[in-house]
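Presented below are the structures under discussion, each in the form of structure tokens.
The two complexes that follow have chain A in common; it is paired with chain B in the first and with chain C in the second.
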Partner chain A sequence: MDMRMTVPFVEALQDIFKQMAMIEVQTDGDPFNDNEEVHSYGVSSIITFAGKIKGRFLIDLDTQVALQAAKNITGSSYDSPKEQMVLAVVSEMNNIISGNAITKLNNEYGLSLRLAPPIVFAGTDVVISIPKVASASVTCTTACGKLKASVAISKA
Partner chain B sequence: MEDKYISPFLEALKNVISQFGVTDIRFGKPERKETMHVDTDITAVLGLVGNLRGNVAYSMSSETAKKTVSAMMYGMPVEEIDSIARSAIGEMANMITGNAISSSLSLLLSGEKTTFDITPPSIIFGKDIYFIISSIETVSVPVDTSIGRIEVNIGLEI
Partner chain C sequence: MIKRILLVDDSPLIHNLLRKTLEKHGYEVAGDAMNGKEALELFAQLSPDLVFMDITMPIVDGLEAAKAIKSQQPTAKIIMLSAMGDEEIMSQAKALGIDIFLQKPFDDYKIISAIAKVI
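After this line comes the complex of A and B, so read on.
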């Protein structure tokens, strides 16, 4: 997979986390080819897109990062990542991040991508797999925990 | 979301799995909810883009998943859900959703220029998972079959 595809997603992720949730996100290094299986840190959100190519963008957050983001955005504290408001916040953040990234990709490469609505979930021992599609991930660190951004692209 | 948008997915599911030799397919009562709680092991979810936008998720237990994959592979025994089995489950989700779109949904939306596309399926494993697949509402329909229960969750933005 072309590692350039991850750049707009990671940039938008850093921007939106800073602007909306006041969380600084530092990348740990360059994107790497990830396994087909991703073990969730706690709360994950997937957004899929289709156009001249197809793919998905995954953000995977430590529970603490999700709770902190929900607290900073809504002003209330939450105990569990399974609360609807926490899931809704992560889902909306992913929607905005992906919207920004997709606009950049469309402008730059003319891919005519369209987004499906975000999916968000939290559970116990969650593993996410996207069969037969190569993915590139970037791990990141914030003051309240880890997060991972992963982009997978397949030819349409 | 009106009921007429739900039945194409159920009919497609019936169509596809009966081709694999699954019988006794009965649809349960649809339930509407905001968050979707899944206590089965495996969920395959894929998105729709175009003039119909949304997500569709199919959930089942690992027993049902093994039997489904086995049925898809002409009865080959399936001991565990490995990457081939996952790929088969994803393919089934693709087939059902593709079938629903091409057969009935495009008729429902006739008059409009139909520009649908299906996004790649993601397979999610785990226990006790809370999902939100649509910001509006999710309609969940249990489907009982000879190989166990498959839950169809439809979240369309209409």
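After this line comes the complex of A and C, so read on.
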């Protein structure tokens, strides 16, 4: 996969976590090719996009990262990542990260990409398998736990 | 007279955040729609002074809903509030007569100053 396509997503991930949730996200290294199954850290959200190419963006958060983001954004504390507002926070953050990244890709490369509504799920026993799609992932560290971002892109 | 605003977004988080901002600044949330279809129904029922409209939503998206609202009431005031903001989508919104296009994320200032320009 062309690693240049991951840059807007990683930049948007760091910007949006900082702006919305006041959480600093440090990447652990460069994006790497990743065709393994994703064993969820705790709360995951996937959003698909299509236009002149198609793909998906996934964020996978440690439960504590999701709970802290929800607390910082809404001003309320939550006990479980399965509470509706925690899931809504992760889902909408993914929507905004992807929307901001797709906006840059569209303006730069004229890809006419459009997003579908995100999906979100919670549980550490979740395994996400996306076969035969080239993807690139980056693992990240925050003060409250780990997160992973993964971009997959293929021909439309 | 208190201005009444219809919120249209498929995210409960956005409804929560916008409601807090609007009520803090003296506006009334006239209704909450989770997709474009609900927006059309609530717009007809409630006749709000302004609509905050997301774009990416299930059933009927925000551009389609805005087009339908504008065709029914050309003077309707609509602020698009979307995670997307590329040139193509902004051009589509402009062609529909959308008053202001805001890209998420947002803060109180961005929301309140946009409202002040429209109503």
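We adopt the following convention: the second predicted complex is superposed on the first by the 154 of 156 C-alpha atoms of A that agree within 3 Å, B and C clash if a C-alpha of one lies under 4 Å from a C-alpha of the other, contacts with A are read in each partner's own complex, and residues count from 1 in each chain.
What we mean here is this: a contact is a pair of C-beta atoms (placed from the backbone, for glycine too) under 8 Å apart; a residue touches a chain by one contact, two chains touch by 3 or more.
Small disclaimer: the values here were computed from a predicted structure and weren't measured.
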Give one of first, second, both or neither to describe whether A:I16 is in contact with chain B, with chain C, with both, or with none. second
If you stack the two complexes on chain A, which partner ends up touching A:T142: first (chain B), second (chain C), both, or neither? neither
Can A:S98 be said to touch chain B (first), chain C (second), both, or neither? second
First, second, both or neither for A:S40, with chain B first and chain C second: first
Counting only touches as set out at the top, which of chain B and chain C does A:S150 meet: first, second, both, neither? neither
The chain contacting more residues of chain A, comparing chain B with chain C, is B
Looking at the overlay, what does A:T63 touch: chain B (first), chain C (second), both, or neither? neither
Taking the superposition as given, does A:T74 touch the first partner, chain B, the second, chain C, both, or neither? second
First (chain B), second (chain C), both or neither: which does A:T124 touch? first
After superposition on the shared chain, which partner residues are touched by A:V133: those of chain B (first), chain C (second), both, or neither? first
Once the two structures are fitted together, what part of chain A is touched by chain B and by chain C alike? 84, 88, 91, 114-117
The answer for chain C against chain A in the complex is residues 10-14, 16-17, 56-58, 82-88, 103-105
Flag every residue of chain B that touches chain A in the complex, lowest number first. 34-35, 38, 45-50, 53-55, 57, 83, 86-87, 90-91, 117-135, 155, 157
In their shared complex, chain B is touched by residues of chain A numbered 36, 40, 46-51, 54-56, 82, 84, 87-88, 91, 114-117, 119-133, 152, 154, 156
Write out the stretch or stretches of chain A touching chain C in their complex. 16, 19-20, 73-74, 84-85, 88-89, 91-92, 95-96, 98-100, 102-103, 106-107, 112, 114-117
